[in-house]
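Heads up, the next two complexes both have chain A, just with different partners, chain B and then chain C.
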Partner chain A sequence: MDLVLQLLFTGIGIGAVYALVALGFVLIFRATNVVNFAQGEFSMVAAYLMVVFSVDLGWPYWLSFLIALAGMALFGVIFNLGVYYPLRNRTYLPVIIATIGASILLSNSVLAIYGPQPQVLQGWFDTPGIQLGPVYLDSQYLLIIGVTILLVLFNFWFFEKTLLGKKLQATSQDKEMASLLGISVSTMIMITFIYSAVLGGLAGILVAPVLFVSIQMGSTIALKAFAATIIGGFGDVAGAIVGGLALGVIETFGAAYISVPYKDGFAFLVLIAFLVFRPQGIFGERVAEKA
Partner chain B sequence: MKLTRREFSAGLAAGLAAPALMRSAWAQGATIKIGMCVPVTGPAAEQGLWAQNGAKLALAAVNKAGGVLGKQVELVIEDDQTTNPGIVLAFSKLAAQSDIVAFLGSIRSTQVQAMAPDVIKVGKPVMIGGTNPDLTHSGNPWLFRFRPNDNYSGRVIADFGVNTLGKKKWAIVHSTDAFGTAGGKALSEALTKLGAPPVLDQGYANQSQDFTPVVLAVKQSGADVLGTYFTFENDLGIFARQLRQLGVNIPWVGSPSVVAVSSTKLAGPALFNTYGVADFAEDSSDAAKAFGKAYRDAYKTAPDNQSAWPYDAITILSAAINKAGSTDPNKIRDAILATQKFAGAEGEYNFDKNGDGLHGYNVVKNDKGKIVYDKHIDFND
Partner chain C sequence: MSATDNMIPAPAVRSKPLIIRHLPYFIGAAVLVALAAGMQFDGYILNILLQATTFSIAVFGLSVVLGLCGQINLAQAAFFGFGAYAVGLGTADLHLNFWLCLVGACAITLIAGAFLGMSTLRLGGHYLAMVTISFQQIVTLVMINAIGVTHGPDGVANIRRPELFQSSQSYLAFCVAMLAIVGYLVWHLPDTKLGRAMRAVRDNELAAGVNGIDVFRTKIYAFGLCALLGGLAGGLFAGGFAYVSPDQFSFAESIVFLTMSLLGGVASPIGSVIGTGLLILIPEWLRFLKSVPGLYLAIYGLFVILIIRFMPDGIWGFVSDAFTRWRAHTKAPPAAAALQLKPATSGGDIVLEVTGLSKHFGGLKAVDGVDIAVKRGGVHALIGPNGSGKTTTLNVLSGLYKATAGRIVLDGTDITNMAPHQRTAAGLGRTFQNIRLFRSMTALENVEIGAERPGNTMIGKGEDALTERAMEALTFVGLGNRANELISSFSYGHQRLIEIARALASNPTLLLLDEPAAGLNSTEKLELHELLKRIAAQGLTILIIDHDMTLVSEAAQHITVLNFGRRIADGESMAVLRHPDVVSAYLGSE
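So, the complex of A and B:
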C-alpha cells in the first residue's frame, strides 16, 4: 500500500507537468488549428531564463520568476509575429513546418549561447520534501500539483466567465463569425500565443529543479504532453489535464509493476489504443457531430 | 591552330581535374589529418565538448614537438549527433576524405557498434572509448580501445564491493543500451564468481524523467550495496536524488559516470560517499597529474575520462605513426599494438592482440563533492 501511494504521488506529479505543457498545445490548437511543435522549447527557454536571472545574476528567486514569465509573454508575441502571423492565411502545413523549424532554431540557439552542460536550478522551497507517514512528498512536485489545480480553476473562470475568455472561445470556434461580431481575430490569436508561452514557461520553470535545465528537457516532456492531448481529446482543456495526469500515473505504475525499461512504451501504447478505439479522446466530441 | 575534338576533350578533362589534383596533392603535403566523430549536438554534446578539449590539448603538444612524420597534425571534426545514424553518417563523411589517416570514434559503445561494419570496410585504425567488451572481441582488427573495457570495470566494482567493503547482497541498476547492458552483465558475472550473485538486476531506459519505480525496487530487494551502470549524467542525477529522498542509503559503487564532473555537480550531496570506478583519476599517476594540470591551465575546469581518453588516443596514435614511419594503415596498426608500458593519463597502456590498451581501473570516492583517489585494481588476464 505504501508503495502504491508513493507511486501515485510521483505519477500525479510528473503527470501534472505533462498536463501543463499539454494545455499550451491545446490552447494554440484551438485558436489556430495547428499543433505547435515548439511548445516543449517554450519550457526550455523559460528554464534557461530562470538560470540567467536567478543563478547567473543572483537575483531573488521570486523576482527572477516574475521576470522569466514576463520574458515568456514577450517571447509569445515574437513567436506569433515571427512564426504564425506571416503564414496565417496559408494551410496548416506550412505553419506546422514553421513551428518545427522554430523548435530546432530555439534549441540550437540556446545550445550556442549556453553550451551543452545541464544546469542546476534550485527549487522554490529550501526543504526538499516532507515525509508523510510512509510516503515521501517532494516539495517541488507538491508545488507543481498545486499550480496545476489552480490553473484548472483559473482556466475555467477565464474561459467561461470573462468577456476576453469568451472572445477567445468564439475565435477558436469560428474565426469569420467572430470577426463579423467585431472581435479582432489577430489580437485574440496574439493573446493565445502569449498565454501558451507563459504556461509552457511555467511548466519549464517548475520542472527544472527536478529534471535539471538542459536543451532537450522540453522535447522529452513535449512528446508525452502531445500524447496526453490526444488521449484527453485534442482541443479540450479539461482533456489535456486529465490526459496528462492519466499518462503520468499509467507510466509510473506500468514501470513499477510490469517493466521499467518499457516505461515510455506504456505511454505510447495507451496513445495507440486511444487512436484505434477512441480517436476523439476522453472528452472530444465525435467528429461526425461537429458537422 | 586548329583544335581536334580529341585534343579539346583531353584539354577539358585536364582542366577540370587539375584543381582537384592540386588540392589533394597540397592537402597530402601540408598536414597529417585525423578524423574525429564526436557529439557536437544531442544529449552527449556536453561530453563531446570535453572530448574535443582533450584531443586538441594532445594535438597542440604533438604539433609543438614537431608533429608527425615532420608535418603538423590536423583534426577534422564531424558531429555524430549522439545518435547511431548520426555517427554512421559522420564517419562516412570523414572516410570519404582519403587523406585522413586514422580516426577517433565514440566513447559510447552503442555508437561504436553502429559504425563498426563501416570501419572494417574503410580499413583504417579507429581509436575508441566505448567500454563494451565485445567491441574489440568481434574480429574487427581496426578498433583500438583507450579505456579499460567493462569486463574490468565489472570485476573491479565486484572485487572492491565484496572484498574491500565486505558487502554481498547486491542490487544492480543499469541502462538498457549497449553500454549499460554489457556492464550490468559483466558485474553480475563477476559477482557470481565471487559467490555473491545479485538479488536485483534492474534495467531502465535512457532519458527517464522519473526513477521512483527503480528506487522502490532497490528498496524492496533488501540489498545492502548498490552497483550501477548509468549512461547519462542527468539520469544519474535524478536517480541519485530520488534514491536518497526515498531513504536508500546503502553503499554505492558505480561505473565511471557516478564520479563524472557533471554528475557530481548535478546531484550534489546525493552522491556524497559513493564509490566509482574511474579509468581516469587525477592522483593515480604522474602522467595523469601532468594531464590534469595542462587541462586545468587550458580550460579552467577539472578534467575527467571524457577528455583523458582522446588525449591519450591522439598522443599514442601520433607516436605510433611516427614509429611506423608511414601512414600505411597496417603499419600504424602494428605500431599501436606494439605500444607497451606507455604512461598515459588513463593509466599504463599495454596493448593486447585485441586492441585493448588498459586492463584495470581506479576506485575513487566522492568525498563531500571532491573526487579522491582510493586504490588501483589491475588484472593480468
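So, the complex of A and C:
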C-alpha cells in the first residue's frame, strides 16, 4: 500500500508535466487547427536555456528562470513567423510536416551545440523533500503539482473571464467571423504561440531536475502529452489535464509492476487502445464537416 | 452547351496496349540493370548505390501513401526495419531461404501496416501522424530490448544473400531490377482504379465517398502498400549489407525518408528516386557535417521546413507540373459518342421512398419525421426557406449524416444504414452545393472516378471504355473539348457542370442535385435548365434542391416543401406553390 501511494504521487507529478505540455498542444490546436509537433522541443529548449544561464553562466536560479521564460516568449514569436505563419493558408498536412521539420531542426541543433551528454539541472529547493507518513514527497514534484494547479486555475480565469481570453476563444472557434468583428486573427495566433511556448517551457524547466536535460526529453514528453490529449478528448482543455495525469500514473505503475525498459511503450499502448475503442477520448471531441 | 454537339458519332477510343507504350521504360530499366551488373565499382560506390536503390523503394512507399493518398506515415523506417530484421533473423539465425524470408518480410509489414492503418485511418491526419510515431518508438524499443530475439543493440550479423546473387555486383543488379519493377508499378498506379481512388481521397474525402469510393479501405490499401514497400526495401537492404542494427531504423531515419520523399516530389516515384539519390549523395560529399553529431539532421529539419514552404511539390513536381500544363493545351481529347443514361429499374414506380426520416443534432431537430416519395423518371424538387433542413435531408440521403430515425429505400434496396460509397454503388449520384471536385486532377479524371462507380452497367471493361464513358459525360454537359484541363482552370459555372457530368457518368438510378443554380449567372441558369431537361428526357430521376423558384417550378413536376425540418406540403408543382402554408413560409403570414 505504501508503494502504491508513493507511485501515485510520482505518477501525478510526472503526469502534471504531460498535462502542461498537452495544454500547450490543445491551445495551439484550437487556435490554428493544426498539431504542433515541435511542442516538446519547446520544453527541451527552455530546459537548455536554464542550463545556459543557471549552470554555465552561474546566474541566480530565479533570474535564469525569468530569462528562460522570456526567451521562450521570443521563441514562440520566431516559431510562429518561421514555421506556422507562412503556411497558414495551406492544408494541415504541410503544416504538420513543417512542425516535424522544426522539431528535428531544434533537437539536432541543440545536439550539435551541447553534444549527446545529458546535462544536470538542480531543483528549485535545497530541501530534497519531506516524509509524510509512508510517502516521501519530493520537493520538485510538489512544485510541479503546485504550479500545474495554479496554471490550470489561471488558464480558466484567463480564457473565461478576460477580454483577451474571450477574443482568443472567438478566434479559435471562427476565424472569419472574429476578423469581421475587428479581432486581429494573426495577433491572436501570435499570442497563442507565445503562451504555448511559455507553457511548454515552464513544463520543461520544472521537469528538468527530475529527468536529465537531454535532447530526447522534448520528443518523449511531447509524444506522451499528445497521447494525453487523445486520451482526454482531442482539443479539450480539461481532457488534456486529466489525460496527462492519467498517463503519468499509468506509466509509473507500469514501470514498477510490469517492465522498466518498456516504460515509454505503455503510453503508446494506451493510446492505441483508446484510438481503437474510444477515439473521441474521455471527454469527447467534436468532429464534423459540413457537406 | 448546345445539344447538337453531342450528336456527332465518333469512333471509339482505342489506345495501344500499355506494354508497348511503356516499352522505352523497360528498355531503359534493362540498360540500367545491365550497367549495374557489368560495370566494375569499388566497394564504397557499390555500397552507396545499394543504399540508394533500397532506400528508393522504401521512399516509393511514401509516394503512395503521402503523395497519392494524402496520408502521413512517420514510421517508414520501422517498416523498413521490420523487413530488414525478418530477412536478417530469418537467414542468419533460422537459416531459412532468402526468398522465403523476403516474402515473409513483405507479408509481415503488409499485415502490420494494414493493422496500424485500421486502428487510426478513420480518424484525422493528426492521429495518424502521432500513432505512426508511437509505432516507430515501440518498434525501436522492442528491437533494443527484446535481446533474446533481436540481439538487442548488437544487431544482426551474417545475413545471407540468395545463391543466385552472391557477389555484391550481381546483388546490386538484382536490386536495381527490383527498383525498376516496383517503380513501374508505382508510376502506373495513379492511372489505375485504385490509384484514382487514392487521389480522390486525398483531394476530397467527402466527394470520394459519394462517388462510390470506400474511403477507409482505400486508405488502408495505401498504407498497407507503403508498409509493404518499406518491408521489401528493408529485406533487400539487409541482404545487401549483411548486418543490421536498431539505430538504422530509428525515428530519425523515418524523417530522412520523409525528407527524401518531399525533396524529390512526393507525387511521383521519379521524385522519390531523385530525392533519395540527392540525400544519399549530398551527405557523402559533405562528410564533414557528419563529424558534428546532430548538425546533419538539423540541416535535414531545416530542409523540410524550406521545401514545404517554397517547393511543396518537390523537384520533380516542379518539372512535371510545367509538363502537364504544356500537355493539357496540346493534346486534343478524343471525340465522344452521345451519352446514354440507362437508369436501373429493378424496383417499382417509386425510385426513392423516404419514411419518417429524422436527423437531430443534440436538441435541434434539423429534420423531423419527413416522408418523400420520388416517382421514377420525374424531376422532384425539395424546397424550403433557409434552415428548413433541405441540405441536411440530402446529406442524410447520401449517407454523410446518419439518420436518427426513419427509413430510406432506393429502388427496392434499403440504404438507411449504408456508408456513402455503398449508397453510390446502389445507384445514388449527387452533386454538392459548395462544389467538391478533386482539384489536382483534370476534368476527365474527375469524371472517370464517377464512371468507375461499382455497379455501373454502362461501361465496358478496360481503361479505354472508362475514358470513353467519361468523355461522353463531359461532352454531354458541353465541356468535352476541355477534358484534359485541370479543375482550377474552369469557371465556377463550368465546375458545377463537371460535377454533374461526374454524377452522370456513373449512370445513377437517382440523381441528387444540391442547389445546382447557386452562384450561377442568368445565362448559366438557362443552360442548366436546358441540361436538366436533356437529362430528364433520358428517363433519369432527379431530386433537386434549389432556391430558384423559376427553375424549380419549370423543371419539377413534383414538389416537397420543408419548413423547420418538417414537411409542410407535397404534391404536383403548381398546386404546391399556391398552397397557403408554402406561401406563408416563404413570404410570412399576416
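The rule is short, and it goes like this: the second predicted complex is superposed on the first by the 274 of 291 C-alpha atoms of A that agree within 3 Å, B and C clash if a C-alpha of one lies under 4 Å from a C-alpha of the other, contacts with A are read in each partner's own complex, and residues count from 1 in each chain.
Note that in this section a residue touches a chain if its C-beta (ideal position, glycine included) is under 8 Å from a C-beta of that chain, and two chains touch if they have at least 3 such contacts.
These figures come from a predicted structure and were not determined experimentally.
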{"item": "Superposition on chain A - do chain B and chain C clash or fit", "value": "clash"}
{"item": "Partner chain(s) touched by A:G129 [first = chain B, second = chain C, both, neither]", "value": "first"}
{"item": "First (chain B), second (chain C), both or neither touched by A:L111", "value": "both"}
{"item": "First (chain B), second (chain C), both or neither touched by A:D138", "value": "first"}
{"item": "Which superposed partner A:A255 touches (first chain B, second chain C, both, neither)", "value": "first"}
{"item": "Which of chain B and chain C A:F226 touches, first, second, both or neither", "value": "second"}
{"item": "Touching partner for A:D264 - first (chain B), second (chain C), both, neither", "value": "both"}
{"item": "Chain A residues touched - chain C or chain B, whichever exceeds", "value": "C"}
{"item": "Partner chain(s) touched by A:L57 [first = chain B, second = chain C, both, neither]", "value": "neither"}
{"item": "Partner chain(s) touched by A:L3 [first = chain B, second = chain C, both, neither]", "value": "first"}
{"item": "Which of chain B and chain C A:A70 touches, first, second, both or neither", "value": "neither"}
{"item": "Single chain C stretch clashing with chain B - from 133-141, 151-159, 205-213 or 493-501", "value": "151-159"}
{"item": "Intersection of chain A interface sets (partners chain B, chain C)", "value": "108, 111, 115-116, 215, 261-262, 264"}
{"item": "Complex interface listing, chain C residues touching chain A", "value": "66, 70, 72, 74, 119-120, 122-127, 129-131, 133-135, 137-138, 141, 144-145, 206, 251-252, 255, 258-259, 262, 292-298, 300-305, 308-309, 312, 391, 394-395, 398, 400, 432-433"}
{"item": "Touching residues on chain A, where the partner in the complex is chain C", "value": "29, 34-35, 37, 82-83, 86-87, 90, 92-94, 96-98, 100-112, 115-116, 215, 219, 223, 226-227, 230, 234, 261-262, 264-265, 267-269, 271-272, 275-276, 279, 287, 289, 291"}
{"item": "Residue ranges of chain B in contact with chain A within the complex", "value": "41-43, 45-46, 48-49, 176, 202-205, 207-210, 212-214, 216-217, 220, 233-234, 237-238, 241, 245-247, 262, 265-266, 268"}
{"item": "Complex contacts: residues of chain A adjacent to chain B", "value": "3, 6-7, 10, 14, 17, 108, 111, 115-118, 120, 128-129, 136, 138, 210-212, 214-216, 220-221, 252, 255-256, 260-264"}
